[in-house]
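The same chain A turns up in both complexes below, where it pairs with chain B and then with chain C.
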Partner chain A sequence: MENLQKHQPQLRLLPNYFKKIGMGLFLFAMIVLKLVFIYLKELNPVWFENCHDFLRIVGFDISIIGLLLFAFAKDEIEDELTLLIRLQSIAYAFIFVILFVVIKPLYAFIDSNQISEVDGKLIIILMLVVYISTFILRKKKM
Partner chain B sequence: MKNTIKVERAKLNITQSELAEKIGVSRQTINSIEIGRYVPSTTLALKLSKLFGITVNEIFKLEEDD
Partner chain C sequence: MLLGAIIISITYKVDLGKYNSISSKVLLDVIIIGLLLFTFAKEKIEDELLMLIRLQSAAYALIFSVLFTVMLPLIIFVIDSRDINVPDLAIIILSLFVYHSIFTFKKLRM
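Take a look at the complex of A and B:
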């Protein structure tokens, strides 16, 4: 039987504890860095002005890495149905992001006559969020 | 596709969770197979067959529109 399972479609995923690490990193980026932003602005406005962009980039990067770890860590029981739901969720996230990238600049152009591009990191975060939400919702439905 | 998993499970007097544990899948997977929402792989079908002591054809049957 174990030999048979080797030939089943598989995804190489991270161990389950990476879910906690990923969620921790994401919350750290969202809460701690936000607090740093608020207090640093009041305590040292000059330093804040210099570090603002750096902190924003670091915050985005930590959020992305956190979401990525969370998204691709194994569930407690990872079986063929979970794999199917993962693949469906990836497809939904992919389609959603493509539509978002196409429609958002078009809408901005029609609405305010401005040409705008969508930020790459925003696309990645959106894709991960849609993937994770779809995965969780579909798993609950099953 | 219809199946007799629920009946076979009742014969063995085991819950969905117990069956899931025996064949190494989640309870949701067993539930989805039982209600016909998900058709399992050959490996999983063979595992069920081995556990119930009947053939795969006796567990899973094609319906007219399949």
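Take a look at the complex of A and C:
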């Protein structure tokens, strides 16, 4: 029995307080870094021109990591039902993003005869947002 | 679908790395849809253990693709000082590939 339990796969999630840390990081990246972006552009345009790419990469990275921490933090009550909801939400997120990636460039090609490419970071953010929103909505409906 | 697309690409010598041609784009889309169908097809025996393995694999695939998307532009920026976009199809194919490898590995180990 012990041996069976040892081989039973478990989903190791982060502690519950990572939800707050994740949301804090996401809001920090979205609000504070955006404000820094705007003020830096007016105050010191030369320095802004040099750091623009770096700030953009760091801003996106912090928001993505914040969303990831929020997505994989434990709920207050973790049982088999929440595991099932998690699985469903991840599946929906994958399906949604794949359909988005397949359909959007085809639509753009039909519309303007150009082959467009979606930024990978936007895809990841979209996937995490769909996962989190589906998870919250389904959990509330239960 | 997946095998068909790969066979077509080999037979007609469509360069899948050439992102700008419509033929490679459509073939990559077909490969992705094939992988998606393969991912969400039922196993012969579907139980709670398999559900947990699916969840674990999907979570690892998501985490891996997030880390890949975060780290790759940062490393390239540090090395080469330029901002690159990670292609969307590369992320999707990578995450589905990671999902399948973990899922198969864990299933075989059970």
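Throughout what follows, the second predicted complex is superposed on the first by the 132 of 142 C-alpha atoms of A that agree within 3 Å, B and C clash if a C-alpha of one lies under 4 Å from a C-alpha of the other, contacts with A are read in each partner's own complex, and residues count from 1 in each chain.
As a working rule, contacts are C-beta pairs under 8 Å (C-beta built on N, C-alpha and C of every residue); 3 or more make two chains touch, one makes a residue touch a chain.
Predicted, not measured: the structure shown is a model, and the values here were computed from it.
By the touch criterion defined above, A:Ser112 reaches neither chain B nor chain C.
Of the two partners chain B and chain C, it is C that touches the larger number of chain A residues. After overlaying the two complexes on the shared chain, residue contacts for A:Phe94 are found with chain C alone; chain B is out of touch.
When both complexes are overlaid on chain A, the residue A:Lys139 reaches chain B alone and has no touch with chain C. Within the superposed three-chain model, A:Lys121 lies in touch with chain C and out of touch with chain B [touch as defined at top]. Legend: residue contacts after superposition of the two complexes on their common chain; A:Glu80 is shown touching both chain B and chain C.
Overlap of the chain B and chain C interfaces on chain A comprises residues 8, 80, 84. Those residues of chain B whose C-beta lies close enough to touch chain A in the complex are 20, 24-26, 28-29, 31-32, 37-38, 40-41, 43-44, 46-47.
Against chain A, the residues of chain C that register as touching in their complex are 19-22, 25, 29, 32-33, 36, 39-40, 48-49, 51-56, 58-59, 62-63, 65-66, 69-70, 73-74, 77, 81-83, 85-92, 95-96, 106, 110.
Those residues of chain A lying in contact with chain C across their complex are 7-11, 53-54, 56-57, 61, 64-65, 68, 71-72, 80, 83-84, 86-87, 90-91, 93-95, 97-98, 101-102, 105-106, 109, 115, 117-124, 127-128, 131. Chain A contributes residues 1, 4-5, 8, 75, 77, 79-82, 84, 139, 142 to its touches with chain B in the complex.
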